[in-house]
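Take a look at these structures.
In the two complexes below, subunit A is the common chain; its partner is subunit B in one and subunit C in the other.
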Partner chain A sequence: MPFADLVVGTLLYGALLGVIYGIATAGLSLIFGVLKIVNVGHGAFMMIGAYTTYWFFTLYGLNPVLSLPFSLAIGALLGLAFYYPVVRRVIDAPEMASLLATFAMGLLLQEAARMAWTSDYRGFSWEVARLEIGGVSIYASKLIAAGLALLLLLFHYVVFYRTKLGLAIRAVVQDREGALVVGINVDRIYALSFSIGIAITVASGSLLAIYNPVGINPYMGAILTLKAFVIAVMGGLGSIGGAFIAGVLFGLFENVSYVVLTGIEGVQPLVLTRFIAFTLLLVILLVRPKGLFGR
Partner chain B sequence: MVFTNAVRRALRKARLTLAAYIILGVLYLAFPHYSQLIATLMFYMILAQAFNIFMGMTGYIDFGYVAFVAMGAYGMALAVESLYELGWASIIVGFLLAVALSVALASMVGAIALRLRGAYFAIATIGVNEGVRYLIEGANLVGGSEGVIIVRELRATFGRETANFIMTGLADLALLLIGITAVMITALILSTRVGYALQAIREDEDAARALGINVTRYKVMAFTISAGIGGLLGAANWALKGGYVEPAHVFNIHYTVEAIVMVMLGGPGTLLGPIIGGLFYGSMNYFLGVIKPGLQLLFLAPILLAVVVALPKGLMGYVRERVKDPRLRELLT
Partner chain C sequence: MKSISTTLVAVVVLVVIVAAIAAVFLMRAPGGQEGAGEEKIVIGMPISLTGKYSVEGEMSLIGALAVIEWINEQGGVKVGGKTYMFDLKYYDDESNPDRVISLTERLITQDKVDFLISPYSSGLTFKAAPIADKNGVLMIAQGAASDKIFQQGYQYVVQVYTPGSRYLTSALDFVKATDPNAKKVAIIYKENEFSRTVAEGARKYAEQLGFQVVFYKSYPADVSDLTPILQELAASQPDIIIGGGHFQDGQLLAKQLAELNINAKLVSILVAPALPKFYEALGSLADGITYPAQWEMGVKYSPDKVPEGYEWYGPTIDEFLKYFTSVAESRFQKQGLKPSYHAAGGGAAVLMLAKALEMAGTTDTDAVRKAMNNLQIQTFFGKLKIDPETGLQIGHDMILGQWQSGSKVIIWPPEAANAEPIYPLPPWSEKG
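Our next item is the complex of A and B:
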């Protein structure tokens, strides 16, 4: 492959993946922004989304794109199922409680998935066309996944800024007591925000499976949580727009790093990229703890 | 004089906990058939005790704790691998190197992460063990994903008989000593101003700082001590007892989860809590492993959820709040 094509391809794939990372982090940011809770089990919810798409495709032959509504619904229900017995009780507890609780939720999903579906790596192949863009051949499925991610972001935006619910959520974020005074049911806003956040997270897992339909396994969540944290911290925890920009940057970084590291003898590029991602996290936390775009 | 007083107070505090270790030691000798179960229980008790020194006392959660235990395992394995001709000295160097490596990693991570609060700290640590593991595997350092095997070196130096003794009896004796050390350090911290400072940090870090407590210094102190004991544990229980170190095993986040659950279950920040949590979880783990292996984590998650929601101060906190007799209360620290 000519060098120019390699560059274009790397950047293109990086940007497409980055859009998905962006939406994957939006759920984390939403939950942190509203409930002030860091969902340490984030990746496990994405894992559920990936399995949803996988099973609907392999069992019923359902077009992966159409599995998205199912992922959203499953996510919304999971969110409510965890909110009322657990999350609600740790909102006002010391931070340690919420970190441990969300961690345990992720663990529960991961182990339940392992019991139900074994720890085998699974994948599927969804045959769609390849497109030629600027001399680079690209799977249409990856474009579709990125397009759907943008659609989800739009949906997210509309809910947030164009509905009464979004107004109430923003009110709670600004001033919880004030929101209570004007008659907003804060507990219900928390429940809905958590539910929406988890729904988007699960759906982003589906998108990831459409983008890259291999390597689906119960433990895939751990590294996804780490990546989501890197992105969330880059964009500033709680900022959804920041998360999106940071997601694209991270997708670009990951792909470029992979391509560069492939050129070095004797190293495993994929694994070392993860190490660099982690180092990046520490450096950002050290230099700009409020995020690259935070004030 | 001040120091001996502190030691006396610490010993007083630690009576019950030390008794637990001595009873386990006696049971170990009396029932050789169950020696490995007892050694496993001790491993869990130490893991909880060491983790408690940082997490229980400061309220900060280190999701990457197992990396320090892993560093210790690597320290021992590397020392034996390269210095096995020195005989016993290589094992002593191994323990020293174990502490040195885990404390070095803790200082590095601590210097960065301990500037951060609560959630940000937790986020920073979540990648620590993965990060170190990916560096070792990705760049093919110290054996890469294959790890380091030292069984052959041990047998070559000491002969088969002695090597087997090192990997069972001696490693278990080391565990007992590490356990007692961990208990005494915890008791010392709890009976000196260090303990008050750490508790103040846990309750309200800003207030503690305003009172003139050097917050960073105490946090770093607790973090490195906790890591150092973890390193000793890894050296004894994984490298020496197992005879090999493999990244997929020693960096498994599983162990951090177990430590969190044991500390939360027993009672964070207490002396006896980690022992209770360790004994409870260790035996549950053992029997579950006998009945149906691989189910442990599935049981851990709901236990952790239940403890966090219903028993935030752990079993010890729950019992202590209900005990009126001051002497009994003092025993239950």
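Our next item is the complex of A and C:
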């Protein structure tokens, strides 16, 4: 593979992975934007999505793309199930309370998954076409996953800017008391926002499983949470579009920094890319303390 | 009322006494069976029967007991004109390093065993080794593939398993013998101590054999995407790709090699392909992928095919299976249990000791340890021979397993192989 192909491949794979990162962060940002709660259990919800796709595929042979509605539904229900008994009580509590509560939610899901499905690393093999793009070989499933991620983002946008619910949510974000005064049921808006946020998060877990259908296990969430935090902060916490663009940048950066690092003698490039990505975050925060798109 | 409660108390006391007596008997039970009159050599073994190594530990133990039973039924070990029966004294170490330390000391000082077999895993063996060595008790290290244990200058610790540094050498031997045109080797490994030892060993050996190592890089332990490193690997156009680390990354490595359509004549990956889950995750993409293993059901080692310089010793594979099954059923209530490589390794440890005793002609530890240096045997577990200086295993070869149409077969070494290899590997794009 000549160098040009390496560059094309790097950019292509980086961008696709970035789109997945982007959608995987959108739910986190939404929940923070509306409820002002940082969901530390974020990655565990993605894990549920990955398992959803895995089980529907291995048990029923369901096309992974078609598992997406199920993931959204499961996510929405999980969101409501956690909102009323747990999240609702910690919205106005000190930050530590909500951090602990969401952390506990993550642990609960993780351990439940381990008890139900063991801690085995699982994977599946969805046979789809292989494409050649600019001399780079790629599975169509990756393109499909990225396409679906964009679709989800669109859905997200439509809900926010083209529906009455979206208007109400934005009103609550701008001014809670004001929203109450004009008759918006703030509690219900919170519940719905949390539910939508979790639905998108679980669905992004499904997309991740389509993108990379191996390594599915109860503890896969930890690193996903970490990356989502970095991306959310980079994009400006609470900004969904910002999260998405930051995700793409992060994916690109991870891959491009690899190519740059290969030029340095005596360095293990892949071990260092994460370091580079976090350095990028530091630099961005130095220049724009509220993130790329934060206000 | 009063009389009822008195009776109740009496019954409870009685039950407690009976339970206590039973407990005492039960606690004594694991320590081996009583032999009949003959002279005995007692081997001590701390082994994990509970905790995280319980499965592997029990396997090793059953394997060792199976070989001991075989030896005793053959009439025991002949040492300098005298015949000895083997007896194994073992305790459950609970997969706990501190227990290993205290149990090893107990076996040496209180039970006064003659020889030791190590617990399962490199980590636990690391705890037992210095105690055995300090006390001058010879320990046969089974279940431990670490090279590091044998770089500590111990005099009385010898190894059964192929050490990590030679995990991937069988794959290279296989290619060398099969295809003189394959020259370029790519090595990609997980960044941790054991995988690095494996990779370094493979690199040195490849260069010795005249291969050209065109790619040598590592990836982080919790990697979730290998695309960038694999694209660079592809650019080096290797004939052979070897490496890996553990299960999750090995699965990812194979998957992404296929995804990026990076083709090589041979792909050999540590750990992951040896497990059935690998095929579940990869489907037909797994076909043709090879992996190193200490031993596997289906190996064809036999007294008819003994490599030069080696002599056959111990039970045949069928005999081992028979004794393994009988021990598993009669003493562990496990029906239909099949031996894993852990079991074979446990049995091989006993064989090394028995042969060295016969060669030494005395039960004196130093003489047996010295005789061990000249031991060169072919067994149902494969070849066994140690490095006299360090005790490191240098005879035993990893077998090379390969997935073929959804089943695992063995393609190397020739004396173990049970199938023709798929070589070169067909391109991924032809596998769908």
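The definition used in the following text is that the second predicted complex is superposed on the first by the 260 of 295 C-alpha atoms of A that agree within 3 Å, B and C clash if a C-alpha of one lies under 4 Å from a C-alpha of the other, contacts with A are read in each partner's own complex, and residues count from 1 in each chain.
The rule is short, and it goes like this: contacts are C-beta pairs under 8 Å (C-beta built on N, C-alpha and C of every residue); 3 or more make two chains touch, one makes a residue touch a chain.
Just so it is clear, the structure is predicted and the values come from calculations on it, not from any experiment.
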{"item": "First, second, both or neither for A:Leu107, with subunit B first and subunit C second", "value": "first"}
{"item": "Touched partner set for A:Leu282, first subunit B, second subunit C, both or neither", "value": "first"}
{"item": "A:Leu66 touches, of subunit B and subunit C: first, second, both or neither?", "value": "neither"}
{"item": "Contacts of A:Leu167 with subunit B and subunit C, given as first, second, both or neither", "value": "neither"}
{"item": "Contacts of A:Asn217 with subunit B and subunit C, given as first, second, both or neither", "value": "second"}
{"item": "Touching partner for A:Ala81 - first (subunit B), second (subunit C), both, neither", "value": "neither"}
{"item": "Touching partner for A:Val259 - first (subunit B), second (subunit C), both, neither", "value": "second"}
{"item": "Touching partner for A:Leu151 - first (subunit B), second (subunit C), both, neither", "value": "neither"}
{"item": "Touched partner set for A:Gly123, first subunit B, second subunit C, both or neither", "value": "second"}
{"item": "On subunit A, the residue positions that both subunit B and subunit C contact, one per complex", "value": "223, 268-271, 273-274"}
{"item": "Interfacial residue positions of subunit C with respect to subunit A in the complex", "value": "191, 217-220, 222-229, 231-232, 234-235, 237, 247-248, 251-252, 255, 259-261, 277, 280-285, 429, 432"}
{"item": "Interface residues, subunit B side, partner subunit A - complex", "value": "59-61, 63, 112-113, 115-116, 118-120, 122-124, 126-128, 130-131, 134-135, 137-140, 253, 257, 260, 264, 295, 297-298, 300-302, 304-305, 308-309, 312"}
{"item": "Residues of subunit A that touch subunit C when the two form their complex", "value": "1-3, 6, 9-10, 13, 17, 120-125, 127, 130, 136-139, 142, 212-215, 217, 220, 223, 254-255, 258-259, 262, 268-271, 273-274"}
{"item": "Residues of subunit A touching subunit B in the complex", "value": "32, 38, 40, 85-86, 89-90, 93-97, 99-101, 103-105, 107-108, 110-112, 114-115, 222-223, 225-226, 229, 233, 237, 266-275, 277-279, 281-282, 285-286, 289"}
